[in-house]
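The data blocks that follow each hold one structure.
Note that chain A is present in both complexes that follow, paired respectively with chain B and with chain C.
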Partner chain A sequence: MIDLGTLALRLGLATAIYALVAAVLGGGRRRADLVASSRHAAYVVHGLVAVASLVLWRALLARDFSLEYVASYSSSTLSLPYTIAAFWGGQSGSLLFWALILTTMSSVVHLQNRERNAALMPYVTATLMALAIFFLAMLVFVTDPFTRLPVPAREGADLNPLLQNYWMMIHPPSLYLGFVGCSVPFAFAIAALASGRLGDVWIRTTRRWTLFAWAFLTLGNILGGRWAYEELGWGGYWAWDPVENAAIMPWFTCTAFLHSVMIQEKKNMLKMWNMVLILLTFCLTIFGTFLTRSGVVSSVHSFTQSGLGPFFVGFLLAVIVVSIALIVLRRPLLRSENDIDSFLSREGAFLFNNLLLVGLAFATFWGTVFPVISEAVRGVKITVGPPFFNKVNAPLGLALLLMTGIGPVIAWRRASARNLRRSFTWPLALGFATGVAIFAAGWRHYYAVVCFSLAAFVLATIFMEFYRGTRARQSLMGEAPGAALANLIGRNRRRYGGYVIHLGVVMMAVGIAASSSFRVEKQETLAAGEAIEVGPYTLTHRGVRSTDSPHVAALVADVDVTRGGRAVTTLHPEKRFYKRQQQPTTEVALRSTLRDDLYVVLGNYDAQSGLVTFLVFVSPLVAWLWIGGLVMGVGTIIVMSPTAAEQRALAAAMAVEERGLEPALR
Partner chain B sequence: MSRPTQTEIEEALTCQCGCGLTVHSCNHLQCPSAIPLKQEIGEQLALDKTHAEVLAHFAGKYGEKVLSAPTTTGFNVVAWVTPFAAPLVAAIVIVVLVRRWRRRGGAGAPEPAAPAGDAADAARRARLRAELERFEG
Partner chain C sequence: MTRNRRFIIGAAIIVVAVSYLVYVGIRETSVYYFTIDEFLAQGTALANEDVRVAGRVGADSVDWNPATLDLQFRLASFEEDGGVPVSYNGILPDMFAEGRDVIVEGTYAGGTLQAHTLLTSCPSKYEAEVPGT
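Our next item is the complex of A and B:
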C-alpha cells in the first residue's frame, strides 16, 4: 500500500512535467489537441496526488509506525481528529497537503474554463503544473512522506502537544487554502502576460478565486490568533512572530489588489500595478513558506523546520525572474488608458489605500528580515520583536482605518466640495465627538482614543451609505424599509458586501485597540480558599485535582469567579502533561463576554504546600475581534455571490478578447 | 525624569527561552530565562537607574539581541526610518508621476454641466433608478 503512495507521487511528477510541456507547446503552436491533452494530464496529476494523500491518511489511521512520518507525528493514543490533522502536522505531509490543494484547485479551474478562456488556459495549465512540479519534486527527491524506518517503531512520538488544539484542526488548512488559492490569480496573471491578453478577462475570471484566497487568508490569520490566544497562555493573540508575519504579508498585498482591481475595471487604470500586486502576493506566499521551513529567523512556529530553505529560495527567485521578465516584455500593453483627474477622488483614495497596505506589508517584511540584515552588515545579532512592529504598524494601520471610511464614499474622478460636505460632515462630527468623550472620560491612551474616533467615523460613513441607499429605494421603488435594504444589498453585492467587510474591520480594530491598551493582569500565588481581585472580578481558588488518561495527565484547578459580589462562573484552568512527548502545556480557562474576557492560566503548583500560582488577565472588548472576523466572513460571502451584471461584464470582456482567436483553440 | 516601571523594562527585553515573546509576555511561568531576568530587572530598578541605563546594562551583559526592539542609534536607525520613508518616497513618486501623466494627456474632460429644472429632475431620477438597478461598487 505504501508503495502505491510512492508510485503515485512519481507518476504525478512525470505527468505534471508532461502537462507543462504539452500546455506550452499547445499554446505556442496553437494545437488544440495538445492543449486538451495537457488539461487531461492535469486532471490525472490531481488524481495521483489524491491517491498518495489517501495512502498517507490510511497509514496514519492504521497507526503504521513502519512509516517514519507516521511514527514521528502520531501515536497509538492520539485521538482521531488529531490523527487526521497529523497529515499536515509535519514537513512532508504539509507539502503533500499543499500539492493536494493545488492540484484540486487546478482541476476546478480546468473544469470551469474548459469551454472558455482558450487563449489563456494553456499558460494557466503550464503555470499551475510548474508549481505542482516543484512540490512533487520536493516530495519525491527531498522529503518523501513514504520513507520507511529500518525497523518499525513500536510506538509513535506523537503530534506536538501545542498542535493538539481544535483551532489547529482548521487554522493550517485555512491558511493553506489562502496561500495556495493565490496560485490561481497568479497563474492567470502569468497567462495574461505570456499570451499578451492583458485586458480585463483575467481579472474578472479570477475575481472570485482572489476573494476565495483572501477570505481564507483572513480566516487563517484570525484562527491562528485564536489558537495563540487559547494555547500559548500569554493573554495575547498576535506576537509579530516571523511566521505570523509571513501569513499577514500576502494578506496586505492581496487586500490592496482587491481594491485596486476595481480601478482597473472601472477606469482601465493601474494595469501594471495590479499585475505587480498579484505577482508580489504569490511571491510572499512562497516567502512565507520559506520562512516556516528554513529556520533562517527564529520563530515560535518551529514545528517543521528543515533544510528545505535553499530549494524554496531557488523557486522564489525563479518565480521573481520569470515575473519581471514577462512584465518588462509586456510593458507597452500594461499602460493605463486613463489618468487620475484629482487626488481628491475615489481613485486617489484607493491609491493611498494601496500605498498604506503595501507599506504595512513592507514594514512587516522589513522588521522580519532586519535581524538578518543587521547581522550581515554589523555582525551583531539583534531582535526585532513586538514593540517594533506595534510602533511602526500602528500609525500605518490607523491611517488605513481612516481610508476605510473615505475610500468607498468619496466621488469618482474629482470630489466636489458638496460631495465632501454631504459625505463627511456627520461622520467627522461623530468621530470628533467620540474622541472628545473618551478623552473627557479619562482614557489617555493615545492610540486607543484615535482608533475609537476613527472607528466612529467609519461606522457613520457605512451607516449613512446604507441609510441613504435604503431611503432612495423606498422613495423610487416604493419598497418597505426591510425589502429596500435587502434589495439594496442584493442588487449591489460588491458594494454593500464590501461595507459589511469594513464593518467587521472596524469591530476588529476596536477589539484590538481596547484589549491591547486597557488590559489588566495579575500574577498571584494562592492557597485553597484564598482570593484575588483582578479588574471587576474576584477569583477564589477552591483547590486542585488530577485527571489521567493513557495520552495525557492533567492538573485542574477550580476557581470560583464573582463580579460585584455575584457568582458568575467556575473556571477550570489546566496544566497538562503529554506523556509521549514528555511536554507540559497550559490550558487556559476563559470566560468571554461582549464586555471583556477573563483569562486564567494555571502556572506553578507546589505539591508540598498546595500553593498554586495563577496568571489572570482581564481584556476588554476582545470578543469583538472574533466577532469582527465573523462579520468579515459574512461580507465576503455577500461579495462573492454571483450577480447577473457581473456575468454580463465578464461575457462582454471575453467577447472583446476572444474575437481575434483562431477556431482551432476554442 | 520619571523612573521606568518593571513592566516597561520587561516589555523592552526579549525572553531568551526561544518563545519569541518579551520577558513580560513569556508564556512559560517556570521559564529559566524570564524569571531570572525579571529578578535582575528588579535589582537594576532598585539602583534608581533610568530606562536607558537599565537597557544598557542588559545589552552589555547579554548582547544587543536581548533588547526587544532595535536601538535608535547607528545602523539600527535604518530599521526605524525605512518603514516610514519607503511609503513617503512612494507617495512622492506617485504624485510626481500622476502630474506628469496629466500634463502629457492634458486636463481631464470637464464635468458635464448639471441639467436644470423638471427635466433635469426626471433625468436624474431615471439615472438614479438605473444606477440602483445596475450599479456595482
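Our next item is the complex of A and C:
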C-alpha cells in the first residue's frame, strides 16, 4: 500500500515533466494535439497526487506506525478529526497537501478552459506544471512522506497539543487554499506575458480565482488569529510573528491587485502595475512558505532547520528571474493607454490605496527580514518586535481605512466640487462628530479616536450609497423598499458586494482598535473563595478539581463571574496535560459578548498551598473582529456570484483580443 | 508631463512616509538579538542594554517559587554549560522546563538578566522527533 504512494508520486513527477514539455512545444508550434495531450497529462498528475494523498490518509487512519510520518504526528488515542488533520500537521504532509490542492485547481482550470483561451492555455498548463514539478520533486527527493522507520514504532508521538484545536483544523487548509489559489492568476499572468496577449482577458478570466484565493487568504488569517486567541493564552490574536507576517504579506498585495485590476478593466491603465502586483503576490506566497520552513528567521513557532530552505530560495529566484525577463520582454505591450487626470478621482484614490497596501507589505517584509539583513550588513542580529509593526502599520492602516471611504464613491477622472460635496459632506460631519464625542467622553487614546472617527466616516459613505441607490429604484421603478434594496444588490453585485466587504473591514478595524487600546489585564494569585475585580466583572475563585482521560489529563478551576452584582456565568479555565507529548497546555476560558470578551487563563497552580494564579483580560468589542470577518465572507460571496453581464464583458474582451492581436502575433 | 510629475510627487510622498515610519520604527524598537554564546562573549559591554538572548535552560538551575511567581534559572549555552543567571517574575510558560530552548528579553544589570519576557520555542510544528520504539 505504502509503495503505491511512493510510486504515484514518482509517476506524478514524470507525468508533470511531460505535461510541461508538451505544453511549451504545443504552444510554441501551435500543435493542438500536443496541447491536448499536455492537458490530459495534467489531469493524470492530479489523479496520481490524489492517489498518494489517499495512501497517506489511509496510513494515518489505519495508525500504521511503521511510517515515520504517521508515528511522528499521530497516536492511537488521537481522535478522528485530528488524525485527518495530521495530514498537514507535518512538513512532508503539508507539502503533499499543497501539491494536492495545486493539481486539483489545475484540473478545474483545464476543465473550465478546455474550449476557451486557446492561446493562453498552453502556457497556463506549463506554469502550473512547473509549480507541480517543484513540489513533487521535493516530495520524491527531499522529504518523502512515505519514509519507513527502521523498526515500526509501537506508538505515535501524537500531534502537537497546540494544534489539537478546532480552529487549527480549518486554519491551515484555508490558508493553503489562499496561497495555492494565487497560483492560478499567476499562471495566467505568465501565460499572458508569454503569449503577448496582454489585454484584460487574463484578468477577467481569473477574476473569480483571484477572489477565491483572496477570500481564503482572508479567512486563513482570521482563523489563525482566532486560533492564537483561543489557544496561546496571552489575550491577543496577532503578534507579528514571522509566521504570521508570511501569511499577511500576500494578502496585502493580493488586496491591492483586486483593486487595481478594476482600473485596468475600466480605464485600460496600470497594466504593468497589475502584472507586477500578481507576480509579487505569488512570490510572497512562496517566500512565506519558505519562511515557515527554513529556520532563516527565528520565530516563536521555531521551525527547525529542515534542509528545504535552499530549494525554496532557488525556486523563488527562478520565478523572479522568469517574471522579470518576461516583463522586460513585453514592456512595450504593457504601456498604459490612458493617464490619470487628477488626484481627486477614483483612479487617484485607487492608486493611493495600492501604494498604502504595498507599503504595508513592504514594512512588514522589512521588519521580518531585518534580523537577517542586519546580521549580514553589520554583523549583529537586531530584531524588531510587535512595537515596530504596530508603530509602522497602524498609521498606514488608518490611511487605508480613510481610502475605504473615499475610493468607492469619488467620481472617475476628475471629481467636481459638487461630487465631493454630495458624497462627503454628511460622512465628514459624522466622522468629526464621532471624534469629538469620543474625545469629550474622556477617551484619550489617539489611534482609537482616529479609527472610530474614520469608521463612522466610512460607514456613512456606505450607508448613503445603499440609501440613494434604493431610493432611486423606488422612484424610478416604483419598487417597494425591500425589493428595491434586493434588486440594487442583485443587479450590481460587484459594487454592492464590495461595499459589504468594506463594511466587514470597518467592523474589524473597530474591533482591533478597541481591543488593542482599551484592553484591561490583571494577574492575581487567589485562594479558593477569594475574588478579584477586572473591568466591570467580579471573579470568584471556587476551587480546582482534576479530570482524567486516556489522552489528556486536566486541572480545572471553577470561577464564578458577576457583573454589576448579577451572576453572569461560571468559567472553567484549564491546565491540560497531553500524556504522549508530556507537555502542559493552557486552555483558556472565554465569555464573549458583543460588548466585550472576558478571557480567563489558569496561569499557575501551587499544589502545596492550593493557590491559583489567574491571568484575566477584558477586551472590549473584540467580537466585532470575528463578525467583521463573517461579513467580509458574505460580501465576497455576493461579489463572486456570476452574472450574465460579466459573461458578456468577458466574451467581448476575448473578441477584441482575437481581432486585435492575431495579426500582430503572426 | 506636469500631470505625471504631480503623480510621481504624490507617490513619492507615500514612499517617503513609509520609509520614514520604517526607519523610526526600527530605530526606536530594535533590540539586540544574541545567542547565549555571543552574549557571553560580549560580557559587561552590554550592561544596562536591552537584549534578547536565546539559550537553553540549564540543568538543575531552576528555582521557582509558585507562591510569589519568582523564577531564577541559569540561561546556559546549547551545550548546557556556562551561562548567565536570569530572574523573572510571572506565570511560567507552558513549555518551560530544564533543557528546553528559551528566548529571554530584558535588561542586563548587575550580572543578572532581568527578564521582562520569557518565550519558549514550541517543539516544531513541522519536524517532530522520531519517537523511540
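Everything that follows uses one rule, which is that the second predicted complex is superposed on the first by the 654 of 666 C-alpha atoms of A that agree within 3 Å, B and C clash if a C-alpha of one lies under 4 Å from a C-alpha of the other, contacts with A are read in each partner's own complex, and residues count from 1 in each chain.
Throughout what follows, a residue touches a chain if its C-beta (ideal position, glycine included) is under 8 Å from a C-beta of that chain, and two chains touch if they have at least 3 such contacts.
From a predicted model like this one, the values you see are computed outputs, not experimental measurements.
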So, after the overlay on chain A, do chain B and chain C clash or fit? They clash
In the superposed arrangement, does A:472 touch chain B (first), chain C (second), both or neither? first
Open item on the list: Output check: A:543 vs chain B and chain C. Expected answer is one of first, second, both, neither. What do you get?
Closed with: neither
| said: Going by the contact rule set out at the top, does A:604 touch chain B (first), chain C (second), both, or neither? | reply: both
Contact-wise, after the overlay, does A:91 reach chain B, chain C, both or neither (first, second, both, neither)? second
Is A:149 in contact with chain B, with chain C, with both, or with neither (first, second, both, neither)? second
Practice item. Return first, second, both or neither, reflecting whether A:356 touches chain B, chain C, both chains, or no partner chain. Key: both
Could you look at A:583 and tell me whether it touches chain B, chain C, both or neither (first, second, both, neither)? second
Task: Scan A:490 for contacts with chain B and chain C and give back first, second, both or neither.
output: neither
Q.
Looking at A:380, would you say it contacts chain B, chain C, both, or neither? Reply first, second, both or neither.
A. both
Among 19-27, 55-63 or 73-81, chain B is struck only by the chain C stretch 19-27
Overlap of the chain B and chain C interfaces on chain A comprises residues 233, 298, 300, 339-341, 343, 351-352, 355-356, 359, 362-363, 366-367, 370, 380-385, 387-388, 391-392, 396, 523, 586, 601, 603-604, 613, 615
The residues of chain A that touch chain B in their complex are 232-236, 239, 241, 262, 265-266, 298-300, 336, 339-341, 343, 351-352, 355-356, 358-359, 362-363, 366-367, 370, 374, 377-378, 380-388, 391-392, 396, 413-414, 469, 472-473, 476-477, 488, 491-492, 494-495, 498, 523, 586, 601, 603-604, 613, 615, 643, 645-646, 649
Chain C contacts chain A in the complex at 3-4, 6-7, 10-11, 14-15, 17-18, 21-22, 24-26, 28-34, 52, 54, 66-67, 69, 90-92, 94-95, 101, 103, 119, 121-133
Chain A contacts chain C in the complex at 68, 71-73, 89-91, 94, 149, 151-157, 160, 162-163, 233, 292-293, 298, 300-304, 306, 339-341, 343, 348, 351-352, 355-356, 359, 362-363, 366-367, 370-371, 380-385, 387-389, 391-392, 395-396, 523, 525, 581, 583-586, 601, 603-606, 608-609, 611, 613, 615
As the complex stands, chain B meets chain A at residues 11-12, 14, 18-22, 25-27, 29-30, 63-70, 74-76, 79-80, 82-84, 86-87, 90-91, 94-95, 98, 101-102, 105, 107-108, 111, 125, 128-129, 132-137
